Amino acid sequence: MNCFNETSFADLDNVQLDLGRQARCGFPEVIFGEGKTKETILKIFRSMLEHGIDGFATRIDREKGAFLEQELTKQNYRYRYNPVARTFRLLHSINERETVSPVSGKIAVISAGTSDAPVAEEAYETALWTGAEVVFIQDVGIAGPHRLVANLPKFQNADTVIVVAGMEGALPSVVGGYVDCPVIAVPTSVGYGASFGGLAALLGMLNSCASNVSVVNIDAGFKAGYVAGLIAKKRTAK
Amino acid sequence: MNCFNETSFADLDNVQLDLGRQARCGFPEVIFGEGKTKETILKIFRSMLEHGIDGFATRIDREKGAFLEQELTKQNYRYRYNPVARTFRLLHSINERETVSPVSGKIAVISAGTSDAPVAEEAYETALWTGAEVVFIQDVGIAGPHRLVANLPKFQNADTVIVVAGMEGALPSVVGGYVDCPVIAVPTSVGYGASFGGLAALLGMLNSCASNVSVVNIDAGFKAGYVAGLIAKKRTAK
Amino acid sequence: MNCFNETSFADLDNVQLDLGRQARCGFPEVIFGEGKTKETILKIFRSMLEHGIDGFATRIDREKGAFLEQELTKQNYRYRYNPVARTFRLLHSINERETVSPVSGKIAVISAGTSDAPVAEEAYETALWTGAEVVFIQDVGIAGPHRLVANLPKFQNADTVIVVAGMEGALPSVVGGYVDCPVIAVPTSVGYGASFGGLAALLGMLNSCASNVSVVNIDAGFKAGYVAGLIAKKRTAK
Amino acid sequence: MNCFNETSFADLDNVQLDLGRQARCGFPEVIFGEGKTKETILKIFRSMLEHGIDGFATRIDREKGAFLEQELTKQNYRYRYNPVARTFRLLHSINERETVSPVSGKIAVISAGTSDAPVAEEAYETALWTGAEVVFIQDVGIAGPHRLVANLPKFQNADTVIVVAGMEGALPSVVGGYVDCPVIAVPTSVGYGASFGGLAALLGMLNSCASNVSVVNIDAGFKAGYVAGLIAKKRTAK
Amino acid sequence: MNCFNETSFADLDNVQLDLGRQARCGFPEVIFGEGKTKETILKIFRSMLEHGIDGFATRIDREKGAFLEQELTKQNYRYRYNPVARTFRLLHSINERETVSPVSGKIAVISAGTSDAPVAEEAYETALWTGAEVVFIQDVGIAGPHRLVANLPKFQNADTVIVVAGMEGALPSVVGGYVDCPVIAVPTSVGYGASFGGLAALLGMLNSCASNVSVVNIDAGFKAGYVAGLIAKKRTAK
Amino acid sequence: MNCFNETSFADLDNVQLDLGRQARCGFPEVIFGEGKTKETILKIFRSMLEHGIDGFATRIDREKGAFLEQELTKQNYRYRYNPVARTFRLLHSINERETVSPVSGKIAVISAGTSDAPVAEEAYETALWTGAEVVFIQDVGIAGPHRLVANLPKFQNADTVIVVAGMEGALPSVVGGYVDCPVIAVPTSVGYGASFGGLAALLGMLNSCASNVSVVNIDAGFKAGYVAGLIAKKRTAK
Amino acid sequence: MNCFNETSFADLDNVQLDLGRQARCGFPEVIFGEGKTKETILKIFRSMLEHGIDGFATRIDREKGAFLEQELTKQNYRYRYNPVARTFRLLHSINERETVSPVSGKIAVISAGTSDAPVAEEAYETALWTGAEVVFIQDVGIAGPHRLVANLPKFQNADTVIVVAGMEGALPSVVGGYVDCPVIAVPTSVGYGASFGGLAALLGMLNSCASNVSVVNIDAGFKAGYVAGLIAKKRTAK
Amino acid sequence: MNCFNETSFADLDNVQLDLGRQARCGFPEVIFGEGKTKETILKIFRSMLEHGIDGFATRIDREKGAFLEQELTKQNYRYRYNPVARTFRLLHSINERETVSPVSGKIAVISAGTSDAPVAEEAYETALWTGAEVVFIQDVGIAGPHRLVANLPKFQNADTVIVVAGMEGALPSVVGGYVDCPVIAVPTSVGYGASFGGLAALLGMLNSCASNVSVVNIDAGFKAGYVAGLIAKKRTAK
């Protein structure tokens, strides 16, 4: 389901490109790659480039990614493909540092374990795309309290913190006790048995006793990065 | 479970008052009134007043509220009790407008129906307590699309929007399509049959196709107001 | 499970063809293709053609579809196979326009996103088969409110509207607020994480605050089209 | 949650009366009585009477009902209160037969057992209010197949059939096999043990092998009656 | 999990053959084929034959079945393999009619649809193995009430009736209304969407309003046949 | 929901007394007392007595029971009221031993703990009413294996055993290993926490590794007694 | 359900007192007070005293507790009633310190919040009764990491740690990272909304990423104390 | 998710080897093999060997196992790979008997059926690795009570018993009644239908009426072995 197309559209056969979205919603349209063919995604990217939009796509598997890399390289377009995150980003109008300028705030992405990497990387790439400075801290799960404490200086001054965790999903509560900014919790489907595909982590995060924790869908790294980008942008808007 | 007490405490029998919380977490400690006696809550409030903290308590039913009003009035303390929201707030060190100054940002609280009032009012009072300017828009559920559109000017420039809804929980998605700020969705236990105590609304909100929606626990008006306050505070922090 | 065979049957080995169903239930028998071999389905189609029934089959995958196309083409039978909808329809006794005459009412099929296409197409083909005029509007999910409003003239005069949506399943409620006819909501298994295979959409639709919404099973495009056909037929019965 | 108020409203303090709903949605606004005070409901009724609308309210318990009867009797208003259905209907502009004229179609309401009466009666009263001729058949549960068959002549010519059942919720499937019109299934929370508050009946109805069955929420008698009224109205609309 | 081995065992490596089971529990031991290698199953069968037991195995897929057929044929053993039921039965000491003598009662196996065949056939083969006379009636689902009624003479004098159904699982209730013997309901995982792998059928059967219905696990055709065999045996025990 | 009334009825206002049930289904009609007034139940009993039926009613609480005792005593009717089982049985045409003659078979009722008594007693009374000889063994839960073994002689020769248990619901499996007759398992809602109102016991019983166990609804003592009666009756039928 | 009675019993009407349990299972029998009358409990206590057993009872509410206190005081028996824990313990043969001697090991009981007190106190009293030295640390929930760290010296040398928590149930994982002994996690039903009566905490604890955590039922303070007592006893057994 | 790394680490690219864990938590670090490449696991093992740690890894499938065997054999390292348990253990510094000396206590591992072998073997290997004497008893499910009793002498003197079972999960309760030590119950995902991936067994074990049973996650053989090792170690610690 393409939830990201909205109002005024460039009609690309059965895909309608929303050109006015950045003005209305803060960021340009994002392509949800699952269920779209690689040719369709390429066509959308080309239309975006024509309109001066450096597009961003999620759920781009390796086969689709290789195709896009090959085609866009032919035309000397610059891009950034992260196969773990499954994100593909056009960089044509962006400077060499691959970041927009000026930076719009600071986001920390923290993950509990290495198995959470795909979701955490998706959140990381999305947060980068929103123009924020992003700190990425991995593998600091709750069973190793000292590791998290050692990383405090890196994330305590962030505008918002994204915490990605599976299994019991307790890391956001612990992080929430150390910061004075909103924490966005992302449950992952990592685990087995009574994790029930991420349900245990989701329920844990919803019941967090830390007051500053809100939650997004299981494995929804993109949404966490997007909301974080909006918060960070607000901070530096003035 | 009192999750709000944290590190350095004034010992009040079996309650430990966290005096350093505002510095660490952005806001002073909040009292979760459920499961505490009215005498205990009064004792905590008095200790807070001694330390110059204008406390805030949630889940204060009418009987506890009446007792607190009577006792605090005797001592000429100013307060604000909202029996629908079940919140009780000390106002001793606050100016006559009952708002802190300068205002730290703008929050909109939107509810779907009149039955959602207790949760929406709790979010509203909490947001007020965080020092934000708060707009409160009630009874604009999804079945009446024109009503929401008519209220757009009131909330489109907010720093964040809290949306409170029961039953199918679709309102946050609709609101999310109109704003460029984070939307905090609060499912309520309002409904019957297959609403399963708010589960239907919760699942609907987690699966929202709007990218800017994050979710808190069922009936968690306080948490929504708290997170919103952190977002709004950030805006004017620099 | 073949629930469509009912009373007086032509015995085709272990399949019993219900010849009196149109008289009793309004429409001829429908073949549920899942779990039947392609040879069995062909045999049923041939028996139907002998009895002057232009049969309709659902859940016909591409391999079964190709076989049926090949065999029926050999014998100069006309048919309509929709591989996205996975429906196969005989058209032998039907005029060139491929619609029955006179048209028996008007049905609108509305889908939230492109991923919902298989279910929406199944509903569309079934509605066509019932003899109704059918309007098909795709990709107008709730995150893009303007798109739905732009399509209002196309569906507001329908006898009934089928709304197909996954994820949070909120579209039927929004559509329900714009029309004075029954809305048949079809949840789809499209989504991830806490969508739990369509459960979130199903619960959302059951809890719709729009009074004119009833619901069918997850992914049950056929049933929605069938019920819509009965409603539309009632409308023009006199 | 009041989902029935929609666009143009008479402002009654915190209640907004939708005066244009009949034109837009086919029927005048309905008051959901749960969570409203008796005084508020009376005020809405009076405003309706001023605007020439014969209002209809659901979820009116005996205490609210007695109050409304007393107040409306004082002013010589005519009404119809059904304490089992918990519905209250104004009849001021309606003729002595208590039905609108001309009748708009025929609806059958069938219930499985006597315990389902409150839900079945709510469906019955709502169907009556929509102006349809309504046949009410009670206590013909699936365990007594002969009883249902004996009643066939009463409901086989209906425009639509509402079937109300708890426990295993199998009655709609059985009824669906006998009629050529849409069947609206209403699961009830009647049962114990593994009925899980109506969940068993709900799932049974959603999985019905009869093609003509759609479903509404558990205990949603009003919604079933409303949808049935829309179907029956269609029939004679042209 | 091999739950069928019990007390005194012939030790076959890691499998322990229960030789005294028939005396203690009424029937000889049954081999649950899932999770056992074909060689292990063959070894158990050989040991059974040595002890004069005509074994019975369930969950024997086609590959294991072919191997057993080949090996047992080499040694001139007689057997009965039903690849749909996935059952394999030794017949060495059984007469040509492949039934034990005298017949120990009458069991009817009734299935709702053709997709239920694997479970229904497993129940059928198990019932045969217990020595009962077995009537097998397929494809008489609830949507076709006339078909069931037409088959009444075949099953009304049975000692017990096994009813196999997926989807809404309503058939046992209907059958239960026609007979004066116990009905054993077997929910199957046939269905889609809200059938949740047979959960809907299971709940429907547990909530059956027919007093004579008890239930076994989803897809547990073997257990239904086994219990039915015990009941039928009891009937003719004297 | 009155599931027990079926075909030919004596019309008692809104209750229809099934007079031909014993012939058709093996036992006379049973009154489900929940949701019926005490006056209605008395009226049904009187009608039964007029037709020579010694009626049986379940779910008769102490208030209804006292009323029925008082009224029936006035008229010198004999009855048996078990307030723990909540069953009320007319004994007018029955001999002094309060059992029908000849006894039709033997049923054992076994319960795990004293808290299961209401369900176990309901099963016991129902089994008695079916005319069987009934052995009642209480408080032999799985944690005390020796107690069950000590009672083996009492139930090993039964025609069927009813096992009533809450919590983990393991007792039926254990009993099943000792007998060569069908075991009817009744889960109860006894327990706390993760027993989820009897769900844990229900799932445990459905997954029993004993082949001779079938299951009825949570707390369904009546249904277990009824099915057991049918099995025991069969035994001596020929 | 009385699961604690087991083999050799003193017969007290319908209660059977297990006199040999201490020898067989390590501790004397425990009385589960729920569902037993106060008179029955008194009778069991008296029988225990006659046999020299200092009994222990759980789930003794204030009314039963007051009765037992009154009756046992009359006879100069010593006891310890904890109305928060709802435990009642006889102390007749125990020395003045109310602890057995020598102490059998060390147990720590840690609770997340004050609302968890009833469960934590039950665990505490049970652990005391097993003869262990018990440290009780309350109100150190995960949101206040410094409080737990400050208490480390108190519990790091325990033989086992019981951790009681509701809401997200994350405390056992955090504690597990600090100790080299088994952690017994007790989820409580404390929370609201998506805590679903303790389910969220239960799932969180089962999915704990700490290797040394095992779990007992929701609110099962007694069982946690009992298991902890067995572990502590082992430590000093040699 | 690697939950086992904790504080002071040897940095191996993105893996951090915890060298101080044995001192802090009682046992050296364990490698969770799922989601790690075979090269990464080899690198960790080599680093462990350099630091004199005989590592232990779980979830090592046959392909990873073969690679590790080949590589470690080249370097003359000794190891123990159990492909059923999916565990791989280095034995370099361990004596010929492959057990540490002195033995730290006695653990019994009991499984219900052969299908539970992978989980039971994982528990067995883990328990061995902790240095305990381990007794392994397989295939003694609850349906065969005599088999368990026959094995009593083998496990009644254990310091703790691990019980592994799927389906109804009743075996731990039965075992619990025979021993005076803690029982650690491991539900497995073995079963079908209403076992719901081990949920039935999990709920059964949590609701065990035996007081000495605690539970770990579904299929969590490692965790059971680890906790058991901690308990057994305690026994001989003094």
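Some notes on this structure:
Residue numbering begins at 1 within each chain, and the chains themselves are lettered A, B, C, D, E, F, G and H in the order written.
The rule we apply is simple: contacts are C-beta pairs under 8 Å (C-beta built on N, C-alpha and C of every residue); 3 or more make two chains touch, one makes a residue touch a chain.
Bear in mind that the values here come from a model prediction, so they are computed numbers and not experimental data.
Looking at chain C and chain H, the chains that touch each of them are A, E. Both chain B and chain E are touched by C, D. Of all the chains, the one whose CA centre sits at the greatest distance from that of chain C is G.
By residue number, more than half of the contact pairs of F-G reappear in one of the listed pairs B-G, E-F or F-H, namely B-G.
Interface of chain B with chain G: the two copies contact each other largely through different residue positions, with under half of all numbers used appearing on both sides.
Spacing of chain C relative to chain F, judged by their CA centroids, is 47 angstrom. The centroid of the Cα atoms in chain A and the matching centroid in chain H are 37 Å apart. The distance from the centre of chain A to the centre of chain F, each centre being the mean of the chain's C-alpha atoms, comes to 60 Å. In chain A, the residues touching two or more other chains are 1, 3-4, 6, 112-113, 141-144, 167, 177, 191, 193-195, 199, 202, 206-207, 209-210, 217-218. Contact between chains, per the stated criterion, is found for A-B, A-C, A-G, A-H, B-C, B-D, B-G, C-D, C-E, D-E, D-F, E-F, E-H, F-G, F-H, G-H.
Within the complex, the chain H residues that touch chain A are 1-7, 14-16, 18, 34-36, 187, 189, 197-199, 202, 217-220. Residue ranges on chain B touching chain D, taken from their complex, read 112-116, 138-139, 141, 143-144, 146-147, 165-167, 190-195.
For chain A in complex with chain B, the touching residues are 1, 3-4, 6, 24-26, 30, 159, 177, 179-182, 184, 202, 206-207, 209-218, 222-224, 226-227, 230-231, 234-238.
On chain C, the positions that touch chain B within their shared complex are 112-113, 141-145, 167-170, 173-174, 176-178, 191, 193-196, 199-201, 203-210.
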